[in-house]
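Take this structure first; my questions come after.
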Amino acid sequence: MEARKKIEVVIDSYHLGKVTEVFEKNGISGYTIIKDVIGKGERGLMSADELTDAFKNSYIFTVCNEEKALKILEQLRPILKKYGGVCLLSDVMWLIH
Amino acid sequence: MEARKKIEVVIDSYHLGKVTEVFEKNGISGYTIIKDVIGKGERGLMSADELTDAFKNSYIFTVCNEEKALKILEQLRPILKKYGGVCLLSDVMWLIH
Amino acid sequence: MEARKKIEVVIDSYHLGKVTEVFEKNGISGYTIIKDVIGKGERGLMSADELTDAFKNSYIFTVCNEEKALKILEQLRPILKKYGGVCLLSDVMWLIH
Amino acid sequence: MGFDLLIQNTLNPPILFFIAGMLSVFLRTDLDIPQPLPKLFSLYLLISIGIHGGYELSKSGITTDVITVLGLAMFLAFLVPIYSFFILRLKLDIYNAVAIAATYGSISAVTFVTAGAFLESLNIKFGGYMVAAMTLMESPAIIIGLIILNLFANNKNNNSEKTSWKEILREAVFNPSVYLLMVSLFIGYITAEKGWKAMEPLFWTLFKGMLAFFLLDMGIIAAKRIGEIKKVGMFLVGFGIFMPIFNAMLAIFLGYIFNVQKGDTFMLSVLAASASYIAVPAAMRLSVPEANPSLYITMALAITFPFNITFGLPLYYFIVNLIWG
Amino acid sequence: MGFDLLIQNTLNPPILFFIAGMLSVFLRTDLDIPQPLPKLFSLYLLISIGIHGGYELSKSGITTDVITVLGLAMFLAFLVPIYSFFILRLKLDIYNAVAIAATYGSISAVTFVTAGAFLESLNIKFGGYMVAAMTLMESPAIIIGLIILNLFANNKNNNSEKTSWKEILREAVFNPSVYLLMVSLFIGYITAEKGWKAMEPLFWTLFKGMLAFFLLDMGIIAAKRIGEIKKVGMFLVGFGIFMPIFNAMLAIFLGYIFNVQKGDTFMLSVLAASASYIAVPAAMRLSVPEANPSLYITMALAITFPFNITFGLPLYYFIVNLIWG
Amino acid sequence: MGFDLLIQNTLNPPILFFIAGMLSVFLRTDLDIPQPLPKLFSLYLLISIGIHGGYELSKSGITTDVITVLGLAMFLAFLVPIYSFFILRLKLDIYNAVAIAATYGSISAVTFVTAGAFLESLNIKFGGYMVAAMTLMESPAIIIGLIILNLFANNKNNNSEKTSWKEILREAVFNPSVYLLMVSLFIGYITAEKGWKAMEPLFWTLFKGMLAFFLLDMGIIAAKRIGEIKKVGMFLVGFGIFMPIFNAMLAIFLGYIFNVQKGDTFMLSVLAASASYIAVPAAMRLSVPEANPSLYITMALAITFPFNITFGLPLYYFIVNLIWG
């Protein structure tokens, strides 16, 4: 087991690509996405049952080492500022295999 | 980044509304829901493939400050006692944007 | 509230059964599954939009006490080694009801 | 010749696909029909039978026969859950007794349409108002169940119950399937010939095929629950088979007394015999959380439904046929 | 006799199912049609009208009439969003004004097909090239909107805008619905009679039924948004009803001047009157994130769409009928 | 005149929709057909061809011709993966060689139905038993593959392998598509004329339309993988095109020797030429996790499938036509 940081982001599915871009740029080893999650926040209800995909959120998380995590967070801030969403950082232990 | 608490709840989709009600009452800024998750617990398997929606779980989480979190937990307890489900509390850092 | 450990696993849906098996063997009280999550990792992109189910990930988590958790992790390691995926351990507080 | 009927019924593609669905689970083929496809099929079936029933009704008009049948349907819907409850109480606690009684007091739309296809294959007609009868029979059991509960359950958390009462009644009368049946029936009725022409290609011509598709899924869902029959216990397994037969006989008896037509009586007996695995379980989950869903769902879905569409239909028809000849 | 038209229109199953959908939300029946079923219906409708239009076009050929209509369609698609913008600016900030103007400058395919079904029930023809007209009318409003934005918005974050320009144009011209309409139209056109024979059973015979199914869902979606109308405010509610009427009148006027046929003029007026709740909102979300989606979506979906298919169609037809007789 | 065939084939709506699907990815229109809709289409296609084949079989009966064809089908299903393996071993490690060999030894149902539509457009018949042939050809390659693996792979983790053997065989013979084909074939066969009447409207009349819908999605899925062709490398790209051609020629040769009818031989050649992107990949993922899925999936889906339905079909037919005239 090794200590790692988990970054979780909830953002509308349309701008999810911008988040993965940031992840890739910083060379993380991988990420996991859950599409079409429902959410409520400043931008109102994202019911995910509209006819257009523009009102669906996606949830994405990646696990990486602390220094990478902090770099990524800085690059995510402007994106979240512009398009809304939430970004969380927490501690996890990663099972080496 | 600011320290926050993350509250996660898994409950059958039917009673999800009772949880969001508690959230709203305590004026949280938002929440995220993942519908139709599968689960196993005391109340048996929630396979989410039944014809009726009564056997689907939903997963919901919200992030807020500690004091709010504790208030919310107290109000969630009776709901979970009656309808089952799990409720978890953990530490996260919130990216201010 | 009681301190517990949360075990999160992301693995392709095909081998999810092997994970739940391990959970059951160690007598955990329950678990929650989110099917068809998208992912990127060493084994490439799991887009979950293939015609075959072999390219879908599933996300599963369970909450249990520390000692159980460590036992489970040891038994999960070989599975992850063979089929890939990630496994995370973190601290949570469990709301007793 | 009762045996002929059995074959006659089994050799319909829908039934065969149901069996194929069950078999696929036993053979562990991983064949599955993911949500929301089953939802699509059930929405389709409800709209179809609604519109078709309404259309038939617009042709036949509302005669005294219709009134009689609807009256009998209502009567059964209120009576069945009551005696079911007392029988179940012999072995079960109040909560589970109520939930199961409500399940068997209500109806199963898929059983109804399968019976309709069966009748058609025998070239026997039944009135479009039977759909109205079915619609009427869906909710009462839920209300009866909750009344019984309030009478017999020593309700400590009384006021919390009170608050939800109104909610529960709404749930009972305006649950999705009842509502969709009602509006489709209404639309079929008022748009009559003209509307039918427009809706028939999708909602009637394709009906049998969609039913086969749906029953394939029903077979899978039912078989997945078979494992839980052990937990259900002999008493409830017996209840899941003999209660429907009894209910059917009662319906046939009433049909005979009020000389209802042959086809209508058969459909009425099927409705009485069928148990709800959609509307009622949903309502019970909400209003009787103390009851164990894997009991009432398993019974309705894995015991009574398969029994009815395979052995029940020919049996009930056999008896109706003996009397009406 | 305008009233007759109203009834005539309302008594079509599709409209009735739309009303049923709305009602189900008001009665809180929990009836829902989960994703991706609505997606299935909208894909189906786009392909159907595309292929059918292409087929019709392959029979009629591309005449000068066709060119005229397409020209008018284009003209409207560019004009409508411009004056809409200035009207909206009276009360709104630039971002919301642009987004709403674009929404009303574009079209709604479901409104179009509902209008088609309405005409059919009156046994009045319209050209297959109207589908081409619709396709042409979907994108311009988006482009106009973005041009306006760049002219009037004091764009600080200029370069970030620049980068996405190309992207946005692609999004405008090649959004899923425009693309699917174009290819279906093309396929219907070149495979002509032979292709039509193969596609007709799924994409035309079932059309009305699928439309009814889809409108049931549209009713649910629209009604869920009705609550937000308060937030929208009187000015925009008025805009959502009178702007479409004005746009329709303009289209009828142009149709009259360039003596376009009766059916085509009616369809053109419906296109002008309809507002987009799929393509444009998606594009606005991407390119004008400052605008509030619950304004433009609610207006298009919960005000203009219901108004058009219930009162709008008979009204526009009534006027067309007065002039063309 | 080979060219005529090419046009003849391409101008079918299904093929055009396939191309439209691919194009939509290249133009980045974001057009997508979300799960489980593709699942719905594939379930539909499997049931359709199963029932239809069974129905045809119930008319033709099981003749010696049928036996011959089924025999040849089996023979090919066992032979193809063997020589494919040795060819692939020239460049690949055992695991990938096995996985790809199994992929090409098995078949693609969608290619089969597209070929059927192509033959129909040429008014040429083929036997319903070809569906039985297809069903027989789906699994053997998986078993052969695993036998080869056990012979050539120096299996260290021997016992863990052993345990899963039984599991894998079940997986091979009772995978969802094989199972669904078998039961539908059976149901179509025993319910014969009567069953067909009931199933035809959904499962045959709509077939071509559903195929077009499905191929639109196939085009999208295939195009998304095209990017990975680079990684696949020239050798495998060549294999993905010339191996199918060779397999088809072999099938035609055998068909000629055992004088199989024209239509049947063509279908047999298509089966031999097609590669599996559903059943086999699923099995390989489970039993040969060491192999790289983006190789065998990409080859079957993004190279061989598009090649077969666009150029392959006319080519194979052209040759069959030269011989049978």
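Should a chain be cited, it is by its letter among A, B, C, D, E and F, assigned in written order, with residues numbered from 1 in that chain.
We adopt the following convention: a contact is a pair of C-beta atoms (placed from the backbone, for glycine too) under 8 Å apart; a residue touches a chain by one contact, two chains touch by 3 or more.
Keep in mind that what you see is a predicted model, and the values were worked out from it rather than measured.
Novice: Starting at chain B, find the fewest moves between touching chains needed to arrive at chain F.
Specialist: Step count on the best path from chain B to chain F: 2.
Novice: Which integer distance in Å separates the CA centroid of chain E from that of chain F?
Specialist: Computed value for the inter-centroid distance: 41 Å.
Novice: Mind checking the centre-to-centre distance between chain A and chain B? Centres are C-alpha means, answer in whole Å.
Specialist: Roughly 20 Å, centre to centre.
Novice: For chain D, give me the residues that contact two or more of the other chains.
Specialist: In chain D, residues 30, 32, 34-36, 39-40, 206 touch at least two other chains, as defined above.
Novice: Please output the residue numbers of chain B that touch at least 2 other chains, ranges allowed.
Specialist: Residues 34, 90-91.
Novice: Who touches whom among the chains?
Specialist: Listed by label, chains in contact pair as A-B, A-C, A-E, B-C, B-D, C-F, D-E, D-F, E-F.
Novice: Can you list the residues on chain D that touch chain F in the complex?
Specialist: Touch residues, chain D against chain F: 11-13, 16-17, 20, 23-24, 27-37, 40, 117, 121, 205-206, 208-210, 212-213, 216.
Novice: Looking at the complex, which residues from chain A come into contact with chain C?
Specialist: 1, 4, 6, 20, 29-35, 63, 90-95, 97
Novice: Going by the contact rule set out above, which residues of chain C touch chain F in the complex?
Specialist: Against chain F, the touching part of chain C is residues 12, 14, 36, 43-44, 47-55, 82-83.
Novice: Flag every residue of chain F that touches chain D in the complex, lowest number first.
Specialist: Its residues touching chain D are 35-36, 39-40, 43-44, 47, 51, 170, 174-176, 179-180, 183, 186-187, 190-191, 194-195, 198-199, 201-203, 206.
Novice: Which stretch or stretches of chain B touch chain C in the complex?
Specialist: For this pair, the touching residues of chain B are 8, 10, 34, 37-42, 57, 59, 73, 76-77, 80-81, 86-91.
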